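Some structures are shown below for you to check.
The following pair of complexes shares a single chain, chain A, combined with chain B in the former and chain C in the latter.
The block that comes next holds the complex of A and B.
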């Protein structure tokens, strides 16, 4: 009986901090919706608009694809780093997360230089004779996904390296000694044990209320997502109730995704959560 | 603002019937690469070849020319559009006197001249004399100022909520 009580006691300061810096502002944002207008009417207005529904589904679609790519790229990169000789790991981690040393605005605008009509990629394609004229790559959903993946893969790697390093080598060797193929060892031993890291990585990675800078730089107005739409409502229209409604829906989507991921994690590895 | 300017092209009073003006905007949708948020974003678009023509504020001209030396400022036959930089003192501000002093500071002849020469803001003082080199960085003179189209911001702000929704549907739907 004493052990759970001790856990709650030890966790109380961190819980209070989270409540103060996360729950309070989010709660205030949601409460702000009711500033004069009926919250129901505002949500109804959001979902009655075909454009707003498009933005929401586009955001979910981009976040899902970005997450899937970031998980695959991040997982296998982290696996390679965690299995590398110890003296190389630090170097590899620094190389993997080097992009984080620059600001998110710089990283996002770099894609203008890479994907632009006069950009590096179009220059290479024409130089190699693959295309005759510059391709319009910016302001497409693909450009937004590439910019988001680039932004979040380093975070995924950082999260997963710690988890994968924590899987004992003996365990993998013991599993391998039973005769399964490397793929079966990966599927039945390594992957389930890495699930907690995948959940954390997914949660801290491409969030569903996506940050506005990468989609704005690579996708512009044509690929508006919840983050850029929220920015427009708050900073251009100065419509705070509508911005709060958008923020509340984005938070609800995020919580739903995290809960779904947690449920999936329990199914994949009952001991993971 | 663009919806307001599209009104005369569509032959409609945009405050009474915005539909035709928005249709006029929709007609040129495929020629629009992006409706940018900042001058820096627009300059990047020009320097990467993404756009060749842009509506922009005059303070971007010096940096645009540095990025794209061949770019020129087009003289619109029906007059340029007046967009103002404003200095606002919020209602209930604690230091109104200091705010007035700051406004006096930025309107002082020496500061006006420096801002104009550096290509930041055009001088607000009508009697400001610039060197030919500094004047080349500016897009306006007495002739342009006299033909500026003024925007009724109060009416625009009151109506823009619905326009932005339709605008979003055109460009982002």
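The block that comes next holds the complex of A and C.
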């Protein structure tokens, strides 16, 4: 009979930490509507502002495009890695881990050197005679997407290699022995078997839709997203009630994404969740 | 037997890996350049930017702060995370389902929101001194990785041996240290590494909680990126990268403490 109590006691410090350091402060942020006349005034102000709506849609847009690209790139790369000869597989996995372990700041900084006005890419394009003058590549939406894809691809490869390695070799061999093209084997056998794991893998480590660093580095002030906008409101303009509204909307977006993923995973593979 | 990979897929994979590794090679190259701006390929080779790191007080100080916060936060996270993992594994049927969901909450809240909320409620609201808020924020994030990684390791752990120890009269604390801990050691070390890297490289939470007096290395790098473009930043970046490698490389090598017992 003292078992449930032991369980609670062992978990108590962790529970307390999450409650005090996460739930309470974030709850207070979301509940902060002190800056407006009515409870929803700040939200109305948010959605009434064309600039803020742009920031929100840009965030959602960039997150969607980034996830889609990272997913496709990661999937095919993981497929090749999981079916590569053993020795190569280890090398490729270690390289992906290495890329993942290089911090966000370092990996975003690299794109400044590459995409800058006097960067490598502009230097190359001019050397090759493709362009005459340096192109403005930094501080565009494309730059933010490239920097974020770069951030997510290693994670995607590592998650999906696990999923794809779980597909029994026998099944693929059996399918191949029936003589279809590799594309047909892929479409009819590998892909359907990988989908549930793919979504579960994706929902178990959802990307933060508003990481501030790649947009701050590669997008600057011109490509503001929720993360950078929140930082600007809170730390530059010191408008905390408005920043709280932005924060609450960012949380809502994240939760919506995670719930959608989980639901999709459950529908496709009831056993997995 | 291996499935034959279509050549197109091999070419694609090679391109993806070039995309992954290229920028890292470029940062390393830029850090060695003997010019006053970051460039690649490096013009002339020099290590003077690496020496500059230690001449710049801001970097020296933030490197120390980053390491201190990382080690302290992980220590706390492991001390409270391991019992929580134990509770989740052993008493799952007695505990409500939302409890384990609670521990993964940090995933549902963007880190930047967490950082801002801690600033609002704790750092300013409760007027805490400058040190504890970043520490608390980091501990929370590390707690999440600790619980996730450590709880993956007792999957192969047979709880019968723990019960055997208890039935032989070992007190719970001693059982934990002599029976449970050695068996989940690999998970604990893996959690430490993962948490260390997350912490040393973490930006979003620190962004709000660092100020005059306390700053972490990634924040310092970010601040410098906005101000100047000289190779010293590339060399700090390389140095941070090496710290990560050392943290991981040692224990993950085939003879390291993680893979050896497997």
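Just so it is clear, the second predicted complex is superposed on the first by the 198 of 273 C-alpha atoms of A that agree within 3 Å, B and C clash if a C-alpha of one lies under 4 Å from a C-alpha of the other, contacts with A are read in each partner's own complex, and residues count from 1 in each chain.
Please note the rule applied: contacts are C-beta pairs under 8 Å (C-beta built on N, C-alpha and C of every residue); 3 or more make two chains touch, one makes a residue touch a chain.
Everything numeric in this text was worked out from a predicted model, so none of it was measured.
By the touch criterion defined above, A:113 lies against chain B and chain C together after alignment on the C-alpha atoms of chain A. Touched residues of chain A, counted separately for chain B and chain C, are more numerous for C. By the touch criterion defined above, A:230 reaches chain C but does not reach chain B. In the overlay built on the shared chain, the residue A:139 is in contact with chain B alone; chain C does not reach it. Applying the stated contact rule after C-alpha superposition, one finds that A:247 touches chain C and leaves chain B untouched. Once the two complexes are overlaid on the shared chain, A:51 sits against chain B while remaining clear of chain C. In the superposed model, A:80 makes contact with chain C only, not with chain B.
Of the two partner chains, chain C is the only one that A:97 touches; chain B does not reach it.
Contacts of A:216 after superposition on the shared chain: both chain B and chain C are touched. When the two complexes are superposed on chain A, the residues of chain A that touch both chain B and chain C are 109, 112-113, 118, 216-217. Chain B contributes residues 33-37, 41, 44-45, 47-50, 160-161, 164-165, 168-169, 171-173 to its touches with chain A in the complex. Residues 1-6, 9-10, 12-13, 16-17, 19-21, 23-24, 26-27, 30, 37-40, 79-81, 83-84, 86-88, 90-91, 94-95, 99, 102-103, 105-114, 116-122, 125, 136-137, 139-140, 143, 147, 197, 200-201, 203-204, 207-208, 218, 221-222, 225, 229, 233-234, 237-238, 240-241, 244-245, 248 of chain C are the ones touching chain A in the complex. For chain A in complex with chain B, the residues that touch the partner chain are 49-51, 54-55, 109, 112-113, 116-119, 134, 138-139, 216-217, 220-224, 229, 232, 236-237, 239.
Those residues of chain A lying in contact with chain C across their complex are 3-4, 6-11, 13-15, 17-19, 21-26, 28-29, 32, 73, 76-77, 79-81, 83-85, 92, 95-99, 101-107, 109-114, 118, 120, 150, 153-154, 169, 172-173, 176, 182-183, 185, 205-206, 208-213, 216-217, 226-227, 230-231, 234-235, 240, 243-244, 247, 250-251, 254-255, 258.
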